[in-house]
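Structures for review follow.
Consider the two complexes below, in which subunit A is the common component and subunit B and subunit C are the respective partners.
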Partner chain A sequence: MSTATTTPLIEAKDLTLSYGKKTALERATFAIPKGRVVGLLGHNGAGKTSLMKALVGLLPGEGELTVLGLDPRRQRGALLEQLCYIPDVAVLPRWAKVHELITLMSGLQPRFSAERARNLLKRTSVGENDKVKNLSKGMVVQVHLALIAAIDAKVMILDEPTLGLDVISRKSFYEMLIDEWCDGERSVLISTHQVEEVESLLSDVMMLDEGRLVLNISLEDMDQRFVALSHDPATAEAIAAAHPLLRYRQSGGRAAAIFDGAPPAHVAALGERIRPSLVDLFMALTRNPALHRKQA
Partner chain B sequence: MHTWNDSAPIYQQLADRLAVQLLDGAPPEGEAMPSVRNLASTYLINPLTVGRALQTLVDNGLVESRRGLGMYVRPGARRRLLNSEREQFLQTEWPALRDKLKRLGIGANDLNWEEQQ
Partner chain C sequence: MNSRFSTLLLREWMQHKRGWLITMLLPPILFLAILPFGQVHGMPLDHPLPIALLIMTISTLAVFGISYVAAMFQLPGLARRDQQDRSIEFWLSLPATHSESIGATVLTHVLLVPLAAVLVGFAFGIVIAPGLIAKQGGMAGLTSVPWLSVPIVALPVLLRALFGVVLMSLWLAPVMLLMMAASAWLKRWGVPAVALAVGVSGAVLAKVYSNTIVFDLLTAQFDGAGKALLVAEPEALVAQMRLLQSTGAPINTVSLALQDALTATMNLASPHFVGGLIVAAGCFALLVLKRSRG
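Let's turn to the complex of A and B:
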C-alpha cells in the first residue's frame, strides 16, 4: 500500500491469533491507510473472521495491533466509539421498527447521527415504520449498513455482509458503500466470497490461506506484478515449463497462465498479455498445487 | 453489475469506455467530466481506480484538470481521439482485415458500403 503518508488507520505486526492449540492467524503484518477499500479474501476457515474479531477487540492476540492508534483489547470502549462493525452473525431485533433502531443507536453510539441514518434510509425502499421482521433479507442488510454508516467513524469492518443476498440487493449494498462511505478519508475492510463482484470496488486486497497472509497488495501494484498470458494449446508445454503460478482457462475457454513477475521474454512472446482477474489470482495463491504437494 | 473483461486492467477499460463516449460528444468539448464520485457510483468502481482512468485521459491530452473545479474535456479532444482511433485501425486492425478479405476472395465491389441492405 504505497500511498501511506500519514499514520495508518490499522496496523498489525506479527499478529498471531489462536484458539487453544489451533492457530487461526500466523504472524500477519499489514497496514491499512486512510481512503482504502480492502478486500479480505480466503476460503472458509482461512482466518478472516478471526482477524476481524481481533480488530474490534473480541479476540486476544500476540504481536502488535493498533486500530485508530488504540489497542483493541485494552481500549476497546474508546475504539468501538470510532469504528463500525457488521459481524458475520449480525442480526437486528425482529420485533423492532426501523425508527426504534435509530433511537436505540442514538443512545448507544455517541457518534451516531440520526439525521444521517434517515437520509441513508431514503436510498432504500425501507420506511421508518417498517418492522424488521417484515423486511426481506436484502432490506435488513441495507438498514444495517445505513445504521452503521451513520456513525462518524474512520474504519468500517464488514464480515461477509452480502452473504445470502440476491444480486439486486448486493448491488444496492455496494452502491451505498461507494456513495456514502468512500470519501478518501475513511477506510473499509470487507470480507467476501463474491470475489468477482467486489474486485472493481477494491483498492487493495489481502488474501489469507490457512492462517497465513499470502498476499497484501494494492490493485494498482497487482496489475503490474502479476502477468497473465493467454496462449494457444500448442504452446502449453513451453508455458508450463516456465513455472507459472496457475494455469487456467479464460471465460472463452482459451488457455491462460499467471506468472508472479514478468516471465522470460521468450515465454512472454508465446501468448498475449491479459489482466489476471482477482478470482484467478486467488485460486493461484490459495490452492497452489505446489503448496499442497509440500503439505502431503 | 458492470462486467469487466480480462483484456486489460479495469482502469484502462474505464478509460476506453469514457473515450468512446467523448468520441460521441458526451460530454462535449469544454464541458466538465462527471466527478470521480459520480463515476465511481455509476460503474461501481473504487474512486482511486476512477482517478487512474481519468489520469490516463489526461495523459492522452483528452481532458484537463482545472484547479478546484475538476476535469474538463479539452478543446480538440474529439479530433485527437478520432486521429488516434484511425491510426489504430490502419496500423493494427486493417492489416488483419485485409488478410482475411484476401483469403476469402472478397473485393471492394463485393462489399455493401451503404448502411441499408
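Let's turn to the complex of A and C:
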C-alpha cells in the first residue's frame, strides 16, 4: 500500500494458493500496515475466501506469507491469539447460549474480555440467556461481532460477514465494527460483495479477479490515479477512441468513462471529471482482460 | 491440564449434558419411581451382604452399559458434528489446536462419560439396594444387611471398575477412532464402509485362504477390553468364591481388586494392545488432518 510507513501486519510475496490443480490465487504480493481498513473485492470464485483461509492458517500456499510476523500455517495457535476472524454469517454453534459462548471464549482466547463482550451485547437486543438457534441471522451476527470485538487483537479478518443480512443489520454491524473495534492501530480486512456499503469505511482496496490481484491501492491514491469523465452522448465515440477502462451509465443516465490515469487533454475537455465509485472501478478492473496483462 | 483444554472439555459438557443426564439418570430414577408400586420376590436374603453388593453391581453395570452404548453410537458422528452444524468455522477461528479439540472430544466421550456413568450407577446402587431389600424383606431384611461393611467391600471393586474403564477404553481405542476417522472422511458412509471392509476382508481371508487374522485381531481386542473392564483373572475370583463357600470367610475385595488390576495392567504388554494403540494414533492423525482442512 502506498501509505505503508511501518512494519506491515500482513505481508504476502508471490503467494499462490491451489486446490489440487486449480489455482485459487496466483502470485499475489501485498502488504497491509496497521490502522487500515482494507476491502477485499472480487467476484465469486475470485480467490477471496482462499486468501483469507491462508491468512488464518487453514490453507497452505506457496510463496511467502506472514501475518503479525508469524507463519499462519506453522504458528497458527499463536497467530489466532492476536487475530480475530469472522469466516461467515451463522457459524456460531446453534446449541449454545450466549453466556456459554462468553465462557468458552474466555477460556479459549487469552485476549478476550468477557466484560467488554457483555457491554457490547447490552447495546444489542440479544440477552445472555438467549440460545443461538433462537436468534435471527442479524442477531447472530451481532453476537458474533460482539464476541470478536471483545478480543484485543491487532488484525480482524471478515469474510462476507454480512451476507444475507437485511440493510439495518448490515449497517449495525459496520457501525459496531468501526465504533467499537477500529482504533487507528488495528487493521481490518473485509471481503464483501456489497461494495457500495463498505466504500465509506475503507482506507484501502484490494481487487481480485480470477485469482489475480488486479488492484491494491489506498482510496486516496485511487482518486488520483483513476479518472472518470461524465460526458454527453455526442462525445461518446471520441471518448471510446481514447480506450477507457470502462464506459457506463451513471444513475441519472448520463454516460461516463473511467480511465487509468489522466486521459489526453483533448479527451478530458470533452467531459466533466467526476470521482469514480468503487463499484464502477470494480467493474472496470474485473472485466477488462487488457488490464490484467498490464497489471501483471 | 491447560485452561484451553479444560475449556474444550467444558464445551463438551455444555453441548451434551442433556443427553448424558438423561441416559445416566432417567433409568435409575424411573426404577426408583416404580419400585414402591412393584413387587420383589426371590432374592435370597439369607445372604444379605452379597445380595446388597450384587444389586449395587447390577445398578452400576446397567447405568454404565446404557451410557456406554449411547456414547458409542454417538461417537462416529462426533467427527463431523461441527461441520454438520456449520460451527466448524467458528471453532477454527479460535486458538485451540486441532489435536486439543479432537482430543477433548475423544477423552470426554470415550473415557470421562463412562467413568461418570460408573460413579452415577454406583451412587444409585446405594439407594436401590436398600430399597429392593426393604421391599422384599421389610425392615427386618433391611437391618439384616451390615451396611457399614458395604463400602469396605464395595469401594475396592468400584475403584477396580473405574480403572477397568480406563484400560478398556485404551483397548477399544483403535475401533472407536477408526469409526470416527471413517466418519470424518467418508461422512455417513464411513461406519458402513468400515464394517463392510472388515467383514468382507475377514470372510474372504478366512474362507478362501483359511486365514482368520482379521477376526482373530478383533477378538483379541474385544477380549482384552472385556477382561480389562471386568475380571482379568477369573481364576483368582473363582478361588475366592470357593474359599467363601468352604470356610465362610468374607471375600477380601481389596486384595482381589488389586491383584486383578495388576493382571489387567500386565495384559497391556501384548502386541495386540500395542498394535491397537498404533492404529488408534494413526486414526487420530487422520482426524487431525481432516479437521485442519476445515
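The definition used in the following text is that the second predicted complex is superposed on the first by the 286 of 296 C-alpha atoms of A that agree within 3 Å, B and C clash if a C-alpha of one lies under 4 Å from a C-alpha of the other, contacts with A are read in each partner's own complex, and residues count from 1 in each chain.
Keep in mind that, in the parts below, a residue touches a chain if its C-beta (ideal position, glycine included) is under 8 Å from a C-beta of that chain, and two chains touch if they have at least 3 such contacts.
The shown structure was predicted, so the numbers you read here are calculated from the model rather than taken from an experiment.
**Q** So if we stack both complexes on subunit A, do subunit B and subunit C clash, or do they fit?
**A** Here subunit B and subunit C can both sit on subunit A without a clash.
**Q** After the superposition on A, what does A:G107 contact: first (subunit B), second (subunit C), both or neither?
**A** In the superposition, A:G107 contacts subunit C only.
**Q** Given the touch rule stated above, what does A:D88 touch, subunit B (first), subunit C (second), both, or neither?
**A** second
**Q** Going by the contact rule set out at the top, does A:G20 touch subunit B (first), subunit C (second), both, or neither?
**A** Neither partner.
**Q** Please indicate which partner A:G77 is in contact with in the superposed arrangement: first for subunit B, second for subunit C, both, or neither.
**A** A:G77 contacts subunit C only, not subunit B.
**Q** Angle at subunit A between subunit B and subunit C: what is it in degrees to the nearest 10, using CA centres?
**A** It is 140 degrees after superposition, to the nearest 10.
**Q** State whether A:I274 touches subunit B only (first), subunit C only (second), both chains, or neither.
**A** In the superposition, A:I274 touches subunit B alone.
**Q** With the two complexes superposed on chain A, say which partner A:I178 touches: subunit B (first), subunit C (second), both, or neither.
**A** Only subunit B is touched by A:I178; subunit C is not.
**Q** Would you sort A:G253 into first (subunit B), second (subunit C), both or neither based on which partner it touches?
**A** Neither partner.
**Q** Of the two partner chains, subunit B (first) and subunit C (second), which one does A:G261 touch, if any: first, second, both, or neither?
**A** neither
**Q** On the overlay, how many Å separate the closest CA atoms of subunit B and subunit C?
**A** The answer for the closest subunit B-subunit C C-alpha pair is 26 Å.
**Q** Which stretch or stretches of subunit B touch subunit A in the complex?
**A** So the residues of subunit B in touch with subunit A come to 1-2, 4-10, 37, 40-41, 43-49, 52.
**Q** For subunit A, which residues count as touching subunit B in their complex?
**A** For subunit A paired with subunit B, touching residues are 35-37, 167, 170-171, 174-175, 178-179, 182, 184, 197, 199-203, 219-220, 223, 228, 230, 250-251, 274-277.
**Q** Inside the complex, what are the residues of subunit C that reach subunit A?
**A** 3-4, 6-8, 10-11, 14-15, 82, 85-97, 292-294
**Q** Considering only the defined contacts, which subunit A positions touch subunit C in the complex?
**A** Residues 53, 56, 58-59, 76-81, 84-88, 90-96, 100, 103-110, 144.
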